Amino acid sequence: MSSPDSAPAGVIHNIGYRGYDGERLSRRAITLALYTHGLRGAFGLGRAARSKVIPMGMAVVMLLPAVVLAVVAVVGEQMGQLSGPVVPYTRYAMILQAALAIFVAVAAPQSVSLDLRFHSLPLYLARPLARADYVRAKLTALTTAVFLLLAAPLLVMYLGSLAAGFDAASETADVAQALLGALLYAAVLSSVSLVIASLTSRRGFGIAAIVTVLVLSYSIVSSMQGVIAFDADDPTTAGWVGLFSPMTLVDGVQVWAFGVTTSTPAGPPNDLAGAAFLLTSLAVVALGYVVLNRRYRKVKV
Amino acid sequence: MNRTIIRLTAQGMLGGRRLWLLGALAALILVIAVATRLLAPGSPADGATVLRTIVFSTFLPLFGLIVGTGAIAPEIDDGSVVHLLAKPVSRHTIVQSKLVVAVGAVVALAVLPTVLAAVILGTGAQTVLAFGVGALAAGAVYAVLFLLLTLLTRHAVIIGLVYALIWESLVGSFVPGARNLSIQQWALSITDAIAPAGVVAADVGLGLACGLIVAVLVVGTWYAGNRLAALTLATED
Amino acid sequence: MPVISTERLTKRYPRVTALDALTIDIGDGVTGLVGANGAGKSTLLKILLGLTEATSGTATVLGHDIVSDGLALRSRVGYMPEHDCLPGDMSATELVVHLARMSGLPTSAARERAADTLRHVGLYEERYRPIGGYSTGMKQRVKLAQALVHDPDVVFLDEPTNGLDPAGRDEMLSLVRRIHTDFGISVLVTSHLLGELERICDGVVIIDGGTLLRSSTVADFTRSSDRLALEVLADPDDALVALADAGLEVVRDGLLLLVALEDDETYDKVRDVVADQELGLVRLAPRRHHIAEVFDEEATRVIS
């Protein structure tokens, strides 16, 4: 056991217990502190080195193609072969969805499964922090993390386009649209993953479940869209099928709201469908919040 | 084979939430088959393509991951593997008993739905058989591989995911030589061999594929037994 | 003003009633909450902290109502849960700093207070290692540190000596006592071990099956009774007869003889009997009560 604090003559002064009269922050500030803690944790900051591998790895995987595309834009324009970016901003998330999926599948359990596994929730809830604050902090932190992961490469591509001298106005408009899309992607993906992660205290199982849901749903939806749109020549139904996977859902909203070309075999066929896509996206986020709240109200304290 | 271990593993792997997930996946395959049949009554060849894309490149690797890691990960996680190792049962028997459960789950919840889906989609009997055998081969190999991986590293799930998603999906598209290292391709060779020509395209020779499958099954099981014997436990995540 | 005050606090589960119309007042100082396992002690703490909702009844802590004023209440209270609740991958410092911030301390103050508190509970170099590798005693200290780090006005300690060896128990108990005497923080500590609380508590609340059995100061409980405890080398039955013959009211309690203390002369009478009969005096002392007697009706049957 450690030795008690004794005072060898005159060198160490046992100052005894000091009370704390300083500032005590409000509930909002505390929630904000939990938010920053969560945001940093999603990227492995403030934790062991090996937990930085996946987040940073995925960040690199997300950024590299964007850098390449930016360089291609500049070079291609100089060679007179390009007048606009090779890949539309709004398509980037879809192309790199594997990296997104892995990032969020690792970050979501890291955020919530550990507290469940070690039964640490009472330590939080016995403090001036409500359950809803805890949920809100975790949700917004993960959403911000995913948004940053998507926004950085978009901005890199944008800078490349500017450097290449493409029409600044239209590029700015395009990237702004894509950033809004990125926000929706982040919200939907975070919502879905946190709900799944909060259902299990086992981190590995949470990771597997989240990836299964995200990847499998996309695989199924896009295959079926392909078959229905091209073989059965029914792009309308194929468009509606896009509701059933998070990635195609948000892409559908981008197609309808911004008029960009679809990154799936078939986008929402009309305004009704487009509105349905938007409402469904928002409903997924809202529902996720509600489910998380209910889950944490039932957690054994 | 040890009956108690089989029973306990089955309870652990198929109890509660895992069973929900596996069952939902199995049901999903059927739903897709039905939906595709209804919405796109095209030629059975397209149905086969849909099945191949979804089942072989995504469903089976993920299923194998869940089942392979689920055979032993919970026990390592909560430390109860100590009780298992304290029994006078050969480590190889333990591994084999667990694999029996894993492969059983693969047959019941992956191969069977795949076969049913193929039937629903109206592909010929030969194709149905082909898909069934191919799915069984792939599922078994994935289960062995991921069980072994769980014994090798604590990050088995993540590595397995990277393999399943990135390697298996991208490999087929870009790097011809590396296809020989893709379990998906081995299974597809078998499927191609049994199905009528042209239904499925395979890039790995049948002999090589079968050899690799058998090799992984045998060596993987044996090596897993060895690793189990040398298992050390850590206290923290 | 009482630190904690409950009014007919009830908590019913489908199959069991954890608390049954509990009405108590708890004041300053170290108060022990005693009861058998499942008596409702942890449930009471959780309800007071707002972790669980009561089925009916009200309560206040430090003047804050637990339902309407829960947030303000929780900024002034510290909680040390009974169960394992520490994440294994963080170090003690990281965890206590993080939880200090969760209690509303600004970052730099959180770091200072965390360092101070960990020192006060006796964690020195170990604080930088991951908690997963700690012994039970160290983990209990970390739990205590996070309860104290934000300088609360009262702390709730749920079975702080759980899982500790006798030496660790003693250290924890004296630490608990110091929380009040040195740090000036009121303490509500639960235990199912009655004896250890006698040493450190000012007051005791005894709960059994969710209802209040007794509540008073420890001094009241363990005051000297009107009996003398006598232990002799000779056969207690022989001594019993000898003392009775001398006109004393005496009852046998195992190896002890309990003599009704009527006046100062009783001491002399006992001494004389023991000397005359050569009974071999081992011990003669006023008999004190123990908290355990509240549960044991036989032992509290007073000779009258």
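Going in written order, the chains are labelled A, B and C, and every chain counts its residues from 1.
Following the convention adopted for this analysis, a residue touches a chain if its C-beta (ideal position, glycine included) is under 8 Å from a C-beta of that chain, and two chains touch if they have at least 3 such contacts.
All of these numbers come straight from a predicted model, not from anything done at the bench.
Annotation of chain B and chain C: jointly contacted by A, touch as defined at the top. Closest to the middle of the protein, by Cα centroid, lies chain A. The greatest centre-to-centre gap from chain A, using C-alpha centroids, is found for C. Computed from the mean C-alpha positions, the centre of chain B lies at a distance of 56 Å from the centre of chain C. Inter-chain centre distance (chain A to chain C, centres taken as mean C-alpha positions): 48 Å.
A straight line joining the Cα centres of chain A and chain B is 29 Å long.
Listed for chain B are residues 237, each touching two or more other chains.
Looking at chain A, one finds that residues 114 touch two or more other chains. In chain C, 88-89 are the positions where the chain touches two or more neighbouring chains simultaneously.
By the touch criterion stated above, chain B contacts chain A in their complex at residues 17-18, 21, 25, 28, 32, 35-36, 39-43, 46-47, 49-50, 53-54, 57-59, 62, 65-66, 69-70, 73-74, 77, 156-158, 160-162, 165-166, 169, 237. Those residues of chain A that touch chain C in the shared complex are 1-5, 16-20, 22-27, 29-30, 33-34, 37, 46-48, 114-115, 118-120, 122-130, 301.
By the touch rule above, chain A contacts chain B in their complex via residues 54, 98, 101-102, 105-106, 114, 117, 199-200, 202-205, 207-209, 211-212, 215-216, 219-220, 223-224, 226-228, 231-232, 234, 237. Remark: chain C residues 46, 49-52, 71-72, 74-75, 77-79, 81, 83-89, 94, 98-99, 101-107, 109, 113, 116, 119-120, 122-126, 137, 146, 150-151, 182-184 touch chain A in the complex.
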